[in-house]
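Before anything else, here is the set of structures, which you'll find just below.
There are two complexes below, and they share subunit A, which is joined by subunit B in the first and by subunit C in the second.
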Partner chain A sequence: MDAFVQPGFWVFVLALAGIYGIFALGLQIQYGVGGIMNFGHVGMMAVSGYTIAVLVIKYQWSFWWAAFVGVVLAALLGALLGLTTLRLSGDYFAIASIAFAEITRYWILNTDSVTGGTQGTLAIPNPLGFGGYTNQPDLILTWISDRLYPIVGDEASRDMSMIFIVWPFLFLFIWIASKLQQTSWARVLRATREDDDVPRSLGKNVFRFRLQTLVIGSVFGGIAGVFWALQFALLAPEDFLRIVTFYGWMILILAGATRVKGLIIASIFFGFLYGSTRFLEFWPLSLLSSPERAYLRVFLIGFVIVLLMLKRPQGLFGKRQEMVLE
Partner chain B sequence: MENLASASSTSLDNSSSDFAILDVRNISVSFGGVRPVQDVSFKISENSFTSVIGPNGAGKTSLFNLISGMNKVSAGEIIFRQQAIQAIHPHKIAQKGLIRTFQGAKIIKRLTVAENLMMAVQGNPGDNLSGFLRIRARRDFEAQARAEAMRRLDQVGLTKFADEYAGILSGGQRKLLDLSRALMAKPSLLLLDEPFAGVNPTLVEKLIMVLGELRKEKSMTFLLIEHDLETVMNISDRVIVMADGKIIADGLPGAIYENEVVIDAYLGSRRKEIK
Partner chain C sequence: MSDLIQYTFNGLVVGSIFAIAAVGISLLYSVLRLVNFAAGDFLTLGAFLTYFLSVTLELNFFFSIVVSMLAGMGISWFLELVLWRNLRRNKAGTLALFLVATGVALMLRPIIQFLFGTETRKFNIDILKTYDFLGARIAHTQLLVLIFASASILVIALFISKARIGKDMRAYANNPGLAAVSGINVDRVVLATWLISGALGSLAGVFQGLVQGQFNNSMGESLLLSFFAAVVLGTIGDAYGALVGGLLLGLFMELSQLSFFFGGVPSNYKPVVAFATLVLVLLFKPEGIFGYRGRKV
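== the complex of A and B ==
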């Protein structure tokens, strides 16, 4: 039980929660507002994260420009996904989006000369003989750490500095998203969630609205990828498995798909679930090896999703009335 | 097809201009082996009120689906305000001022009643992402749209439901919402697909009055599908009768009422019920 009282554990939980909060915000806009079931959201995170690593390591770009290009590429890929598959109805689009994310991951996995392949970003060919890509942002993280040291002493860490970077962005994005969701643009989108014919018959270009939603969600997926790349400073294809998208879905369902502010509590809950299945070793977790505990995480997340669907389909903060209207 | 309009065209001319706002030219559609609309042609004069009647399966709603662009014609042309619209997207047709309601009263259940109406307003700067930063323009437009929505709700007695989810409304109330929403779009031609079904008779009378006023004040043109013959005869200045995907008669209500072909195909004994 010691880990529970270790500040380092909670710092990790919060840092991770911030990143996944931004990731889930993309899904919230796509599904909670637009009704788009994107099961390939992890692909956007992979694209931006790897773009940074490749541009910085292989081509010595500035981290900041590489991050910008990574997010733009995630948005463009969101647009490409939408243009090619958004005319498919709900379930079929979901299947196509999984395929899209898997194509992205397999491309990363099999393009060793660019991405480092199975060995991850450490194996990206680099003329300078150095495999890191976080030098520039690390200066900022260290600066924050130095300022925290007089306050928290040895607990000042890179993870703690990450909290001070990620969470302000999460709050900012949630504020922007909640403002966006009060517009008539979002009202039309919420209509398309139920019926295409009505908005179409009132002069609304349903495809345009959906495509914009997919791109905006992809931007948030891409930004989450930037923070992910920064947090872990090393990327590998297995960081972007399908399950990562469903981590985001768990947060979304827990928060209540239509309630953007619920993402804060839900992402902290997820961070705790993730961190505890990674670091906690008390009984009965001590009976399991580390990889086995990773499977336990998947089991627990599945369990939470099923439990929510059965007992509280509107999530912790959603309105039940919305779920029962026919 | 029997064209009975010419028999007493004076009455038609009194209530509508000569300009054909809609010109349907030999349109047909087929879905596999089924042909719900076959070689249908007619013109609708601006500011007129035309009803389409016929037995179930006659092709009336299919005709509306073709005119509004929800389905595409297999053959023929549809000219709206002198522009061919048979090949363009339904949202673009709606933007040109041709709005429709639906037979089953499609409402957005998880939007409030007022939001359902406000969604229909055209030219909202907030409908575009580029308008996100135009906070004042968006806010002003929304306030106007809300006021207009409340006026419409007052007309149909739904004011108290303004901020409730539309999903709680009864079938008749949904019909009223569907009709009010279409009016919010300020159409120049409104296609009404059985808007009065399930609505109480007193309110039907009031709605007919509202439509009449709109026709006078806003030069609105109406094309109505309705099974209640008394309403049709009272409200219309022209009636088109369809059966088996074709127009079997087209003319003034009085002439249609006496038409033998129409009596055989549709009116039958119901004719006696109409006063």
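== the complex of A and C ==
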């Protein structure tokens, strides 16, 4: 239990919460505003994360320029997904979006020469030879933690620097998203969620509106990938399994599908759930070995999703009628 | 020529397993409008439980398979009682059904890992024995799976077309309101659908474990999208279609490795062939091979 009183634990939880908060915000714009059920969101994070890694390691780009290209590519993947499959109805699109993300992951897995394959970004060849993972993320984070040192002393760390980078962005994006929800653009989209025909009869191009939503959401997925790359520095294909998308969905349904502000609490809860399972030492969990406790995390996330859908489908802060079919 | 025979045979074996798994998913969709994201993990469960009974406890292999199928049915029944029935009563929407099915998958996987460990498993059967057939090498296990899977497919098809409950299922899937007023017991139909899909999940898992030789606990999960591809190919909600879709997809995945198909797809991209088939069918013929255009997609 000692771990939970350590500031370092909570700093890690907050850093993680910030990254996945931005990730879930992308889903929230897609589902909460546009009614799009995207189950392949992890693909956007994978594309931007890997783009950054490859550009930085192989071609010695600066991290931030690589990040920019990564986010643009994530947006393009979102556009490609939308242009090809967004005309399908909800459940068909959901399945197609998973297939898209899985194709992306298989491509990463099997293109060793570009992505390092199963070995991860550690195996990307660069002019200096193998294994030379760039220390750029470290340089960025250390620069900040050096500035924090005079203020917080020994608590200054990588994770804390991460909080100072990611949380201002999270607040900014949440502010933008809540402004977005009040625009006439979002009103058209909300109308398409209920019924396609009404906005269509008013001369609105429903498909274009939904495509825009999908791309905007993908941009947030891509930005989450940037911070992911910064935080973890090492990427491997198994970091981008299907389940990661459902981390985002758990945050989203906990917050309530259209409640932008609930996202903050929900993502901190997720960060806690994600980070805490390895520290839960009390009985009966003490009977589990530490890799077994890693599955506990997956179990708990599944459990929270099922329980919420059963008992409180509107989430902690949402409206019930938005999740229930008449 | 021997390549063609080899890949056709492999395709039939893989396809018959796809068919069995896909028909469970398709039946569930037709009756409950539920896309069962947990179907893959029911395969894993079936394979691991059969391993536990037949190898660890040294029980009879066929007896172990039957017990695993019963376990798959039992879990499905339990979930129907505690989850799905309540969700239907609450009028849960598409997203809720999707997420609950995924949540079940996320819960099932750690339970399997906890109960049966994470090591790679292998059934107590000679996986190296092969026969020579016109230059193709046919594994003993593959032949066994093909025979038993084909028999199972026949039984399933007969059950759906002839048995009373099978007819009720099709009637209910076609028009739930009409079926209910003409005296079909809806709860019984739903329960039967869950039991069938639970049993078929375990069975397909054992077959898949046999064909692979070795399997680990991500086996079913990694096949899930291929099953969806088979379901969509054979028209979603059409049980016979799923059987045909499964066989076709299996054949297509294996034959795509032959050199006439753009120089042959590398074998590690086999799953991508399934995913791409899924996306292409959704794009160009979302009603599947047996559907008609009028179906709302």
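Criterion: the second predicted complex is superposed on the first by the 301 of 326 C-alpha atoms of A that agree within 3 Å, B and C clash if a C-alpha of one lies under 4 Å from a C-alpha of the other, contacts with A are read in each partner's own complex, and residues count from 1 in each chain.
We take it that a contact is a pair of C-beta atoms (placed from the backbone, for glycine too) under 8 Å apart; a residue touches a chain by one contact, two chains touch by 3 or more.
Bear in mind that the values here come from a model prediction, so they are computed numbers and not experimental data.
A.B. asks: Please determine, from the superposition on subunit A, whether subunit B and subunit C clash or fit.
C.D. replies: With subunit A aligned, subunit B clears subunit C, so fit.
A.B. asks: Considering only the touch criterion stated at the top, classify A:212 as touching first (subunit B), second (subunit C), both, or neither.
C.D. replies: In the superposition, A:212 contacts subunit B only.
A.B. asks: Please indicate which partner A:195 is in contact with in the superposed arrangement: first for subunit B, second for subunit C, both, or neither.
C.D. replies: first
A.B. asks: Using the superposed model, give me the angle at subunit A's CA centre between the CA centres of subunit B and subunit C, as a multiple of 10 °.
C.D. replies: 80
A.B. asks: Using the superposition described at the top, determine whether subunit B or subunit C touches more residues of subunit A.
C.D. replies: C
A.B. asks: In the superposed arrangement, which partner chain does A:204 touch: subunit B (first), subunit C (second), both, or neither?
C.D. replies: It touches subunit B, and subunit C stays clear.
A.B. asks: So, A:5: does it touch subunit B (first), subunit C (second), both, or neither?
C.D. replies: A:5 sits against neither subunit B nor subunit C.
A.B. asks: Does subunit B (first) or subunit C (second) touch A:151, or do both, or does neither?
C.D. replies: Once the two structures are laid over each other on A, A:151 reaches no partner at all.
A.B. asks: Quick one: is A:187 in contact with subunit B, with subunit C, with both, or with neither? Answer first, second, both or neither.
C.D. replies: Touch partner of A:187: subunit B, not subunit C.
A.B. asks: With both complexes overlaid on chain A, what's the closest CA-to-CA approach of subunit B to subunit C, in Å?
C.D. replies: In the combined three-chain model, subunit B comes within 7 Å of subunit C at the C-alpha level.
A.B. asks: Which residues of subunit A are in contact with subunit B in one complex and with subunit C in the other?
C.D. replies: In subunit A, positions 325-326 sit in both the subunit B and subunit C interfaces.
A.B. asks: Give the list of subunit A residues in touch with subunit B in this complex.
C.D. replies: Touch list, subunit A to subunit B: 179-180, 183-185, 187-188, 190-191, 193-195, 197-206, 212, 321-322, 325-326.
A.B. asks: Contact residues on subunit B for subunit A in the complex?
C.D. replies: For subunit B paired with subunit A, touching residues are 68, 70, 89-92, 94-95, 99-100, 102, 106-111, 115, 118-120, 122, 124, 126-129, 131-132, 138, 141-142, 145, 165, 167-168, 181, 185.
A.B. asks: For the complex, give me every residue of subunit C touching subunit A.
C.D. replies: 35, 83, 86-87, 90-96, 98-100, 102-111, 113-114, 118, 221, 225, 228-229, 232, 236, 266, 268-269, 271-272, 275-276, 278-279, 282-283, 286, 296-297
A.B. asks: Along subunit A, where are the residues that touch subunit C in the complex?
C.D. replies: Checking each residue of subunit A against subunit C gives 31, 37, 39, 84-85, 88-92, 94-96, 98-100, 102-103, 106-107, 109-110, 242-243, 246, 249, 253, 288, 291-292, 295-296, 298-299, 301-306, 309-310, 313, 323-326.
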